Amino acid sequence: MAKSVRPAKATAKPATKPETEPKPWSGRFDEVTDELVEAYTSSVHTDAMFFAEDIEASIAHVRMLARQEIIGADEAKKIERGLDKIFGEFQRGEFVLRPELEDVHMNVETRLAELIGPVAGKLHTARSRNDQVATDFRLYVIESTRSAAMHLVALQQSLIELAEKNIDVIMPGYTHMQRAQPVLFAHHMLAYVQMFDRDLHRFLNAMEMMDELPLGSGALAGVPYKIDRQSVADELGFPRVTANSIDAVSDRDFVVDYLSAAALTMVHVSRLAEELVLWSSAEFGFITLPDAFATGSSIMPQKKNPDVAELARGRTGRAIGALVSMLVTLKGLPLAYNRDMQEDKPALLDAEATLLPTLEVIAAMLPRITVNAARMAIAASENYSLATDFADYLVRKGLPFRQAHEAVAKLVRHAEEKRVDLSDLSLADLRTFSPLFADDAREIDALSSISARDIVGGTAPNRVRAALQEARVRVDTMLAEAAAENDASTDDD
Amino acid sequence: MAKSVRPAKATAKPATKPETEPKPWSGRFDEVTDELVEAYTSSVHTDAMFFAEDIEASIAHVRMLARQEIIGADEAKKIERGLDKIFGEFQRGEFVLRPELEDVHMNVETRLAELIGPVAGKLHTARSRNDQVATDFRLYVIESTRSAAMHLVALQQSLIELAEKNIDVIMPGYTHMQRAQPVLFAHHMLAYVQMFDRDLHRFLNAMEMMDELPLGSGALAGVPYKIDRQSVADELGFPRVTANSIDAVSDRDFVVDYLSAAALTMVHVSRLAEELVLWSSAEFGFITLPDAFATGSSIMPQKKNPDVAELARGRTGRAIGALVSMLVTLKGLPLAYNRDMQEDKPALLDAEATLLPTLEVIAAMLPRITVNAARMAIAASENYSLATDFADYLVRKGLPFRQAHEAVAKLVRHAEEKRVDLSDLSLADLRTFSPLFADDAREIDALSSISARDIVGGTAPNRVRAALQEARVRVDTMLAEAAAENDASTDDD
Amino acid sequence: MAKSVRPAKATAKPATKPETEPKPWSGRFDEVTDELVEAYTSSVHTDAMFFAEDIEASIAHVRMLARQEIIGADEAKKIERGLDKIFGEFQRGEFVLRPELEDVHMNVETRLAELIGPVAGKLHTARSRNDQVATDFRLYVIESTRSAAMHLVALQQSLIELAEKNIDVIMPGYTHMQRAQPVLFAHHMLAYVQMFDRDLHRFLNAMEMMDELPLGSGALAGVPYKIDRQSVADELGFPRVTANSIDAVSDRDFVVDYLSAAALTMVHVSRLAEELVLWSSAEFGFITLPDAFATGSSIMPQKKNPDVAELARGRTGRAIGALVSMLVTLKGLPLAYNRDMQEDKPALLDAEATLLPTLEVIAAMLPRITVNAARMAIAASENYSLATDFADYLVRKGLPFRQAHEAVAKLVRHAEEKRVDLSDLSLADLRTFSPLFADDAREIDALSSISARDIVGGTAPNRVRAALQEARVRVDTMLAEAAAENDASTDDD
Amino acid sequence: MAKSVRPAKATAKPATKPETEPKPWSGRFDEVTDELVEAYTSSVHTDAMFFAEDIEASIAHVRMLARQEIIGADEAKKIERGLDKIFGEFQRGEFVLRPELEDVHMNVETRLAELIGPVAGKLHTARSRNDQVATDFRLYVIESTRSAAMHLVALQQSLIELAEKNIDVIMPGYTHMQRAQPVLFAHHMLAYVQMFDRDLHRFLNAMEMMDELPLGSGALAGVPYKIDRQSVADELGFPRVTANSIDAVSDRDFVVDYLSAAALTMVHVSRLAEELVLWSSAEFGFITLPDAFATGSSIMPQKKNPDVAELARGRTGRAIGALVSMLVTLKGLPLAYNRDMQEDKPALLDAEATLLPTLEVIAAMLPRITVNAARMAIAASENYSLATDFADYLVRKGLPFRQAHEAVAKLVRHAEEKRVDLSDLSLADLRTFSPLFADDAREIDALSSISARDIVGGTAPNRVRAALQEARVRVDTMLAEAAAENDASTDDD
């Protein structure tokens, strides 16, 4: 068997070509569209994602057209019933999207004409695909943003749970990957709670900015009908309408805002993931992953691999790539709509399919991690992690910090040469380096070290407990509110 | 002369090595730092940018230490006077940053010791370089963000001015770079006002998130002194303090937020720049650039090139590159501080040096552009740009939109074959394609087309005038407030 | 209908969970893998792409094991027959990849055990999934690279064909988007032939570097069996084997090389696409796209949009994004294999699915473009495009170039003020600006301008014809060789 | 002191404006260039980097003009002497680049006119800035590429030296950051030698592609003089001339090729750097960095930080950012030259200033690292790293691998529960899991494990020694050849 065993590279050419349907815009064209072109330009595979939004927005549009007497009330009813039927077909998996119809909008309109006849042609009154797709996709991205926000709250909850369960555990804090000073494990977890809280606010800020209705902007100039845009906005849940029709059809900032927030969130995840990988190594041994969240090796029987954390870390690349992809696509595009912008959908889908499962699987894993408290505690005391405390001790006895630092640095070097820890040195030894050392210097230990950092944001146990409690309340409140809102919106249906 | 004429590639090695100064942390080290390492790790070239912030934060810190009786009031005074003196030296260009002292903090501390003796060593009490640099750099980035915001307001003002000066000009609106429908030139400019307004809000959102004081977080765990962080925040103008010490020293989200906003702003600029380049081409001929904002060719005497717009478009790459650079640098870093994070400064500086001059030069150029109204007007009527209006005419006469679209598509094709425009066709001609055409169909022109789009966000003249007025008020108010605030803060000194 | 009409965001959770199969590595695990984890870590959806390669490599491996007497000849036969059968199932679409089996390798091995019993377990002798996946994926990427190369040759052929058909057409050459000097349209097309030829060489260089067999590297250290790696390489068509087992399983440079070449190729495509978009605008009117390669508007009946070129330009973002994605994923990974590297497959697939159809559809479109020679010719003479020729005329009469440039710049300004072209000026007029002008200055025209540039790489017709001829021969030869090779490899089977 | 202490943001406006010099192209312009524009468009700060190349190329050009009798021999001599003088001024630091003259070319030409009068104007005969800058910059990038290649060879040499010094050291090999199988430390180092060797070839491939002379392409169309391009190429050391004038002035692939190679090289460096950081942590303790290549902490006296490795890892972001920057800048640019392309220089400089010092400092550090052999050896035997060897033992006794794997997985689990290592188990214990275990199973240890992997690319000591020897010869040869070539080229002058 030679290399040619693999079938020739898949190309844009569809395997079979169905009977050709005239395009809605084919009136002035001589030739039918080339099959390569159909395959290359079709967006039906990504459009399917906002099928529901398309139907929803069309219904709101058509109701408004009737209210404004642009079309008849009975015509509107007919169209709405047709759309409902189509949505039913879609939900039951009976609606087949045909690539040769370019996009979801044309698929729906074509099916509508089959169902209700020429009156279907009135659905497109006072509307263009440009403002329609902008509307559908915004509805989709708003929901994605809400979903990302909720996943971030859930992830914070998991971090809090893990911190609460291990509230007394002391670990070495690191800088430059070197043991620096002891901290509470819960304090370390709360650092991530802070990061994800900023991410949450980034998504909420993005939501606030994107939450406006573009429909009514037409192809780019607005529409020559007495439409009532605000009433459509109200029906679709948008607080306001876009202010400029050209901008409305050429703006994809809402996608970029989502992608930026997703990329930075994934960077934060990658930092946590890196720590999980390190902590579950033989060298650290700080945590044990649950079997259900690890995998083995096909060749090495002893292996237990932190694949989830590794993949989460690796997929950060994909999220950053999606952001870059969108920024590049938009670069240098003249106004208003250009077909290039169709690429907003794969970029968003990529980022969404990277972000949400990552947040979900990490949130599920965290509370099931076993923290090896004893191992962490030992590591927190070894390797001169308390050296700063010795220096601060001297400062409290009156030495300027810089001199105290120097004295203790020499002390550390002395201990290193003797291969002992600072706590192993006698008072006499200590006093060789500074006469300010007294009996109470022997009381310096990891617990006294963390307890001394009793300031806002510090690792002292009382501070950490309070911060944890505050975070717990905040997160639980958000989840409760979201649940309540969800119930309410379900009732709405 | 061969290729070797060029001197060997510059490397990290400094030309001459000054007498070696002991490092503040050299107590436990045997060897002096290798020169390559000094050159490679030094950040003095970028640190100089926040020299003022470093002094400012040190003074606020030392005052607090005195208030909290952690150091003596006289010691604090001495230190503050020393710092003032150093800042004076810096402002007069007398302060030489020495690379072998690693960073600006150590340069200042070393100089302080020369000026006031060992008491200088007390400045570093209850502080680490980790929280110090986080503080200095935040102060810098906050100011950068404010500056970016103000530049965006100024750019909006220029767009508004250009729009106001050309309030009656009609141009072709484009989709797919094809003439689509007539729009007001002012409406087109207002689309950019919207974009830059979102950018402005992005910077303001970033500012709101970054505006908290990290000082007091120490190396990573907080400090074992009874410091008063909020009072330092108050003195430095931060509304709040950071909530978690580990996060505070490992967080560079504020840099990413700046870079994200800058990248998207530059993407918007690139779209405007692309249009300026196209519009000043022979083919479009829509605008004439002021000579003062164009350049010539060294070889082609007739050339007048839109270099400013081209460079603005090209520098979008640099802004996106800076964002990518920072995201990559942070990816996978364990907590807390790692030296990798020093790369935040070149990234920020790159983006800032790209963004601010770009916004400034474009804002200066726009009001001086000559708009060739006649050429735009002709283009707006040619090429069947009014076809949609013919279709909408038929809709108003009762035809469903889809059928109207089809009829007009055939009409356009007919006109194309006859090589005439729609306005050249007789009523009889029109009626061949639809009996609904009547005399009033001949009244369709560019002005009637734009006037008909009389909805929120549409291009009808009254709508555009109102939007322009609203934008003008908003922008003028912001600039007035900023000026007032600036006066107030200057009085403060 | 409220926003909740859309089903909750799809997550990593599979809809239904099949009966759990024990993992091949489950011997030391207590818990079964969490469903979220299975969905999150599974790569079966991307692995399917190299199913054929997996079978092919397994067969080569097992044959070698028999040759080396590591397993029995009959065992090898059994395994090979089993693998053949599985491949048949796959080709007939009967083979269902089960996500809970993690990857394609485990799916094949599991099925093999069903078919031939415990001897299937011998297939994994002297092999790990790490070197196996590296082998399969290399085979796939090598084929992708070859395919990209062939598509680039075909695209060059299309450019050549278009150039040949329009060999006499003169167009304005541009710098800064301003008309600069006349050039042959064919010369302009040959510029793209050069670009794509460099891209071709980039892919061929990448191929040369990636063409080595990693199999035999085991998990990371090599395998403790007397295997014969070169004979496997020979069978699979690799000229050499990898030199270091650790590198072999942790190296994904071959993916990065593909992605780099793809990104730059797409950047080149974006430049061509930008020109096609501009040239088909009303303002330029240089080309007419075939109807079969354009689309219309749902609202504007007159529109004929260059969607293919726009999408090609837009998809450049995706190709650059894929490259960034992979570089970020690899950044900072310790040796050897880490699960992060599984992300190599989506990145490659993204780039491949972007690149190949783009090259194919552009290649299909180009020869069908109508070049509007008259319009180009007029544009090539207008707007003082011949000014450089007037300057060079003066140089030939003895004036230093800089002074000649200045004289003609003033001449152009004079003509501009009079609103005439240089050819409209009388000799007397010309002589006002330089006494060196004589009768023969009136002979300067677009054709004399291009004919004068008769140097290697210049736009003189004889030079362009020769370059075109050379390119034609080169391309045809490559395609012929590829066809011959293809025939040969098919015979091989 | 309030925030306003910092001076207002630096903008594009130069502090003082020198007397205005007429631009070489100012003949047709009414207004002088705005100061903001001068600052914004000037490239003198980056152009200075190829001052030598500019002089060198001008001299080659002017000599050819004389040989071809396009200018007089005496004129050429005068110009050459003037250029030599200017280069002398530059080397002595006396040549001041004036930003208002736009670029280095105009600065040189202006100075030349001061020195030798109007004949200076003949230098620009048959040349445009477009082909001139393309030539200068290519000369620069070729030299950069050569330099990168040499640095990569030197880095390989350092890796080889470190490996040779520690030829017998056994360490645990890792996959998924979990101990997998023992390997030789030298084998691990050789994996990096492979990576950097591929990088080296990437730079050499780039060099091969970029090594052609663009001069003679004029503004974009070639020049109307009988120039001899090949003779200029010969003089400047280019093997060939570019084939298409339009491509020659719009091509920046050579920059992208450099940036791609630099980005991937830095990714490889980041992997090595990550390992150096981990290995020097307390948890691993595998290596000790030389004091001269580490830094301390301003607050924690015990710290010894691997800053060089951290910065190298962090600067990977900058290299990737530079690549993205260039790709984005080029995206969508129509032919031929556009001013956007001026951004090629900052991108290249950024990457070069990131790459070269990084390679240099790592190469200097590596040979001075202390490898803690004992600690590595212990780690290589612990944690069931030999489990695969137990499985392979059973395979050699006849068990299919999959069953052997399963048996040993259970064995590992049993040992884990008893908290012992496999070597602590009795033969009886072993035989509970498989009756195939015999006395010789007790001989399995780290050394037997690595010795068994005696295949091409495997970690067996004889294989590693041979690979090391081969690498040593290859690297030494390259350095010797480079040194010889360097001597030769110096003689040339």
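In order of appearance the chains are A, B, C and D, and numbering begins at 1 in each one.
Note that in this section contacts are C-beta pairs under 8 Å (C-beta built on N, C-alpha and C of every residue); 3 or more make two chains touch, one makes a residue touch a chain.
As the structure is a computational prediction, the values presented were derived from the model and not from experiment.
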Completion exercise
Of all chains, the one whose CA centroid lies most distant from that of chain B is C
Problem - Contact-richer chain pair [B-D vs B-C] - result: B-D
Practice task
Would you mind pulling out the distance in Å between where the CA atoms of chain C average out and where those of chain D do?
Solution key: 24
Exercise for the section: State, to the nearest whole Å, the distance from the C-alpha centre of chain B to the C-alpha centre of chain C. Expected result: 33
Problem - In chain B, residues with contacts to at least two other chains - result: 24-28, 124, 130, 175-177, 180-181, 218-219, 278, 296-305, 307, 310, 313, 316-317, 320, 323-324, 327-328, 330-332, 338-339, 388, 405-406, 408-409, 412
Problem - Residue numbers on chain B that touch chain A, as the complex places them - result: 24-28, 109, 113, 118-125, 130, 173-177, 180-183, 187-188, 190-195, 198, 201-202, 205, 209, 216-227, 229-230, 241-251, 253, 256-257, 260, 263-264, 267, 270-271, 273-275, 278, 313, 316-317, 320, 323-324, 327-328, 330-339, 388-389, 392, 395, 400-410, 412-413, 416, 449-450, 452-460, 463, 467
Handout entry: Parts of chain A lying in touch with chain C, wherever the complex brings them together
Key = 1-12, 23-34, 36-37, 39-41, 50, 52-53, 55-56, 59, 102, 105-106, 124, 127-130, 139-140, 142-144, 147, 218-219, 236-237, 290-305, 307-308, 310-311, 313-318, 320-330, 338-343, 346-347, 350, 352, 356-358, 360-361, 364-365, 486, 489-490, 492-493
Completion exercise
Within their complex, chain C touches chain B through residues 172, 175-181, 277-278, 280-284, 296-307, 310, 324, 327-328, 331-332, 379, 382-385, 387-388, 390-391, 405-406, 408-409, 411-412
